[in-house]
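In what follows, chain A forms one complex with chain B and a second complex with chain C.
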Partner chain A sequence: MIIRNLPAIIPLLFLAAALLIPLINLLKKNSAFSIAVFVSLLASVVSGYGLYYVDTNETIRYSFGGWQPPIGIEYVYDRLAAFVALVINVISLIVITHSLKAVKEELSDREMPYYAITMLLLCGLNGIVLTGDIFNLYVFVEISSLAGYALIAVGEERSPFAAFRYLLIGTIGASLYLLGVGFLFIMTGTLNMINLAQILPSINETPTVIVAVTLMVSGIGIKTAIFPMHGWLPDSYTYAPSTTSALIAPIGTKVGAYVLFRLLFFIFGIDYFSRILPVGDLIAFFASAGIIFGSIMAIAQKELKRMLAYSSVAQIGYIALGIGLANPLGFIGAVLHVLNHAFMKACLFLIAANLRINEGHSDISKFDIKLGKKYPWTFAAFTIAALSMIGLPPMAGFFSKWYLVLATIDSKAWFYLGVILLSSLLNAVYFFRILERIYMKKYSSDEIKEEVVFAGNPNKYEGGLSLLIPVVLLAAGIIVLGLFNASIVSLINRMIS
Partner chain B sequence: MHHIETYISVIPLYAVLVSIAVVPLILMSARNANLREFWTILAGVIKFGLVLTLAPDALQNKAAEFTIIEIAPSVDLVLRADPFGIYFALIASGLWILTSFYSIGYMRGAGEKKQTRYFASFAVCLSATIGIAFSGNLLTFIIFYEILTIATYPLVIHKETKVAIAAGRKYLIYTLTAGLFLIAASAITFILTDTMEFSAGGIFDSTVIPKNTMIILFMLFLCGVGVKAGIIPFHSWLPAAMAAPTPVSALLHAVAVVKSGVFGVVRIVGFIFGPEVMSSYGLNIILIVFSGSTIIIGSLLALRQDNLKRRLAYSTVSHLSYIVLGAALLTSSGFTGGIFHIATHATMKITLFFCAGAIYVNLHKENVSELDGIGKVMPWTMASFTIGALGLAGIPPINGFVSKWFLGIGALEANQIIVLVIFIISGLLNIGYFFPIIQRAYFKEGYDITKNREASMFMVVPLVITALLSLLMGFYPDLLLDFYSIASGISSSLIGGAGL
Partner chain C sequence: MFSELFLEYYDYWFIIILMIVGMYGMIMKKNLVKKIIGLTIFQMGIILFYVASAVKWKATVPIYTPSVPNTEIANYINPLPHTLMLTAIVVGVATLGVAFALLIMIYNRYKTLHEPELLERMK
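Moving on, here comes the complex of A and B:
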């Protein structure tokens, strides 16, 4: 039955696309974009159905090559994996659909390799989520990272440097993780996650296991860009091509967060990392430092993409804080924020991309009322995303924060409660700063005021419907996710029950 | 306990949505000002009509309820038009109609720009206000409360001058921070009680919660709703927000926004904590200290203002705390007086703001010191102003006297002589800051008497109506809409519920 093969289908789909794009491009020029869109659409549909299936039936376990675990590699398609896979594929579908103009503009005549590598990235990200084997996970981390380095390095002048830095730091992260995997394998003789979860409780206080956990969490922490291991992120997101930023920022680091969910909540268990070994406390502490640091740095930025990059550092902090609090409410908040933040950040990065394509810059100091009048829908979407980032109801962002707030109270972690509330205010500062400019900033002096009255848009539909529709869709999604979050939350509840 | 019988009805939802539904129509009619304003008036009339159909329920202790969706597991986004909600919705939606007419006169008379944005934001504000009134639980309340914050922002910065933008920033800093406190407080309440429903008499029924926790929780709530309620030291956004056009000050900063804050205080005191818990933890004392000092300090600050709107703003700060103090007394007359003051202060203060706006549009005067002899120039306006000012000072037969009377009795019932003294001193201070205006207007020579001219009818008629309402409600507190009966009904449900 095809449904049994679902876990393998999604990564293979992207892998096949990555290989087929160069081949088909030989026969038919400029086909890369259409193939990429088609494949990610297919992956979205499949993972949508997959989520529905595992939620109503049972977890799908798929043994690769027919080898049963612990010898063979197993793929596990449970609710959490299905959920994150759906988020990845829907966001990448939207971003890829948007990408045609951006890629043409920024990477003329390098479209084919760009899309091929993008497919490889998505293969890696989906693989990380779907695999049930901690070593196989490492392989997919490397696949996605290598693809990620390449996608970043083709950006602006300074992007190769940013990508190289990411490569160095990322490799260290992956190596730490691999070392941890080695230690665990020595102790347990298995790499299968489900097996590990059964074996670990009896040996989890041995020093080897403790070292393994530390190494794995630090390694993934680097990949997730948890403060203070975030150093690679701001430059990479800023100098990468717009499409890369819009693709990696919403889903790249989220996959790291997924690995932490998997490791801590499912393999080691809440009890282990909150009581026996205080990993949770440590994560929560660094997460909250990251929330404050990222927000303050975002306020200081003059360039939209860079501001969004620092804001990502802060937002990852929310997810990490939810993990670190180590209670079911924190888990709900963190998983919900993976989804919500993906929508918000994708929307915001696509807006930055649109501005770069249409205006040639995304420099906040040049934003004024004229820009706002020229792009009314774009900035309406921006406003919605911004309000959601600040955490105002009924936008989606409010609800993930709400669960994190409940989680801090449940753990009596008053300090972290304060951090979440304070960061909302800091978010408000850096987003209202832009909104104020867009809707009110007149010309600096007495320059001809009449020109403010905008006569009509030379770029029809604010630079073309292909750029506008994805942005508006994501903004609408933010409101819809906010209003219907109850059903998502009950799904997340079912993940851990 | 007065049990409130609930039944399912979509009317509360329609009442909330009707004004937001006309926003696209307003935006589309940007080029045809008359059509655009027609949508506002239409929405206002329908909204008021819908609330009016619910009004009989308020006297019969029934509540129309509508669950929109389950917003979080076991927490619904629910609208429940209980008597208190209906009471507030009646005031806000009724005065919106008058304000809409007044806005037309004001905005055109003052030649304001961006009127489309103005009317659109106003409509959203009203949806949020009615949403606040009908919120069935804390989470729903927070959602509409934050929407109100954001929708008011474009109105505060409307003039887009440096002063207005600075006022907008201040407004956001205060209200967004307050929103966060409210979120934190609600979350703690949810963790402690497993519910966020508003229920007459409160939801904390046990006394097992430590006193310190309860006090901190109450302070969080107080910061949360106290900002919009203008409680000192959370008040200073309000005078700054006077940078907005006067109709905004009139409806939002004398009725909708600030009364949402006060409404929130009464909800928290009467429907979350409940009178019994309030007194057993000594929380009422905290509230009395804050609101009592706000009344006195607000009045003293009002004395010093030369700008008319700022004087009215500080007067609002002080009068909002009458309502808070009434609730803090936790007695039947205290609640009745406080809740009734929501209505009476609304009619009186909106009259005064309408007058200030008419003077500004007509004569371009903003300061008290420039009003010499204005009574002869704008006789209707200044007569209405006088009625409103006398009412706020608590002089019979204007409706302000009635609410103050019950507040005074409430203070005696609670054996809080000092509160009674506060009300008396405040009454004197009210006379102190209003009478110089009246005296200048009527007994000083300033203008050429032949220049007798009023602002446009759009402005004068609404302000005369609100002044007449203030006067008539003083004779018949149950005039037209039974405000007094509803207020005393709510009061007895709160006190009865607590079994005091």
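Moving on, here comes the complex of A and C:
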């Protein structure tokens, strides 16, 4: 029965693709792109069916090599894992479909290794989501991180140094997580998540477990780029190739957030991290500092990709705030924001990529009404994504913020309510700054002549359909997710019941 | 009580010192290769931590032999921490490989691995 093997199939698909791409490329040149698209399409279909199956039936538990848990390594495909896996695979499918031109432009002769390592990254990310074993999770974190360092380092001139810094910080994060796993293993003798959740309540006030929680949360916090540990993020996202930024920004850090969901809500339990230890309060505090800091830094940036990178720091803050509030509404807001932010950020980073390919820059100070007229569909998509980031209904971004606001009211955390409202205002400042330039900024008289020439030569497809369609698709996705948010929320509700 | 804390757990104290040395190297050293050496020392500290946690005196390898009764679990060493660390060592080697590859890229572009000079040349 193939459905029972589903949890193993998804990471193995990508792993096989990572190995097959170099081999097939020997026989048939330039086949890397089509294999990558095919495999991510297959993975999206499989994980879509998997989500439908686990939602209507029961959780799939797959034990590797027939070793029964808790001795063997187990993969658990429950609603949360299926949901996040579907988000990862759909976003990566769209971004990889878009990547053909971007990769040709930026990495002319290194196409094949680029796609092979991309597959490895996706194998790692899917593995993190599906595994039910805390040590196996460490291994997948390292697989995805190492692939990520490589994908970042092939970008602009300064990218190797950005990647090197990310490597140092990221390895410290993973090592701290590993140390925490060691403490938990010494105390409980098991690495299986479900088994840990059963054993922990009896010993969860011992110093060893408290140290373990601290180490694991701070280690994963570095990978997720929660506020004071975000230092590696802006440089890495700015100097990476466009496709890498569009791939890692929407899903890379979200997977870190998923690990926090898994650890705090499912292994340690809400009671433990919100009432017995102040972990939740600390996360919420740092998250709100990150929201304000990221938004203010985003306002100060002159370059679109760098602005989006800082806005990512702020948006991860929302997810972390939802975790830190430690109530069911906060959980809904955080998981919904994982989905919504993945769509919004992928859309915005792809637009930055399109501008770099077509115009050669993504410098905000050079944006004006001419650019807006030259790329009407691209900037329509940009407007939708920007309004969604600000949180205007019926865009998807409104609903995740709405649930976060409800969560702050529910736990009477008025300070955090103020932070969310203030940050929406700051988001509006840095996105309207661009919208104002594109739709309203008048140009000087000598530029008008250029406009006349331009009017007779309309750019029909804005640099090609292969660049435009993924962007429009993501923008449409933002509206659709907003309109159908009720059914998504009821799915998220079933995750914790 | 304090002498007990030091004498009975001296191996853990050693590991803590090792990790601090590694962390110091990563943060304070200006040369990128020395930073990587610090990173490796830090990772080694964690590997030793796992191995130290699995120490058991007067126990034998976890292979069943008729001379040692298998009903007595205390007679066997727990093999799992060692196995986990084999994986962690492999991960560490892979990290080291990627790190050195990045250093080669940096050196080819800027002809230096000294951090302040590197930052100067990147402007």
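We adopt the following convention: the second predicted complex is superposed on the first by the 482 of 497 C-alpha atoms of A that agree within 3 Å, B and C clash if a C-alpha of one lies under 4 Å from a C-alpha of the other, contacts with A are read in each partner's own complex, and residues count from 1 in each chain.
To be clear about the criterion, a residue touches a chain if its C-beta (ideal position, glycine included) is under 8 Å from a C-beta of that chain, and two chains touch if they have at least 3 such contacts.
Keep in mind that what you see is a predicted model, and the values were worked out from it rather than measured.
Colleague: Once the shared chain is lined up, is A:Leu247 touching chain B (first), chain C (second), both, or neither of them?
Modeller: neither
Colleague: Regarding the shared-chain residue A:Phe135, is it in contact with chain B (first), chain C (second), both, or neither?
Modeller: The second partner, chain C, only.
Colleague: One more residue to check, A:Leu178. First (chain B), second (chain C), both or neither?
Modeller: second
Colleague: Touch check for A:Phe484: first (chain B), second (chain C), both, or neither?
Modeller: In the superposition, A:Phe484 touches chain B alone.
Colleague: Which of the two partners, first being chain B and second being chain C, lies in contact with A:Pro160: first, second, both, or neither?
Modeller: second
Colleague: Tell me which partner A:Ala116 touches in the superposition: chain B (first), chain C (second), both or neither.
Modeller: Touch status of A:Ala116: no partner.
Colleague: Where on chain A does chain B make contact in their complex?
Modeller: 387, 390, 392-394, 398-399, 401-402, 405-406, 409-410, 417, 421, 424-425, 428, 432, 436, 439-440, 442, 483-486, 489-490, 493
Colleague: Which positions of chain A touch chain C when the two form their complex?
Modeller: 135, 138-139, 142, 146, 149-150, 153, 157-158, 160-161, 163-164, 167-168, 171-172, 175, 178-179, 182, 185-186, 191
Colleague: State the interface residues of chain C toward chain A in the complex, per the touch definition above.
Modeller: Answer in residue numbers: 23, 26, 32, 35, 39, 42-43, 46, 49-50, 53, 80-81, 84, 87-88, 91, 94-95, 98-99, 101-103, 105-106, 109, 118, 122.
Colleague: Enumerate the contact residues on chain B facing chain A in the complex.
Modeller: By the definition above, chain B touches chain A via 69-73, 77, 142-143, 146-147, 149-150, 154, 157, 160, 165, 168-169, 172-173, 176-177, 179-181, 183-184, 187-188, 190-191.
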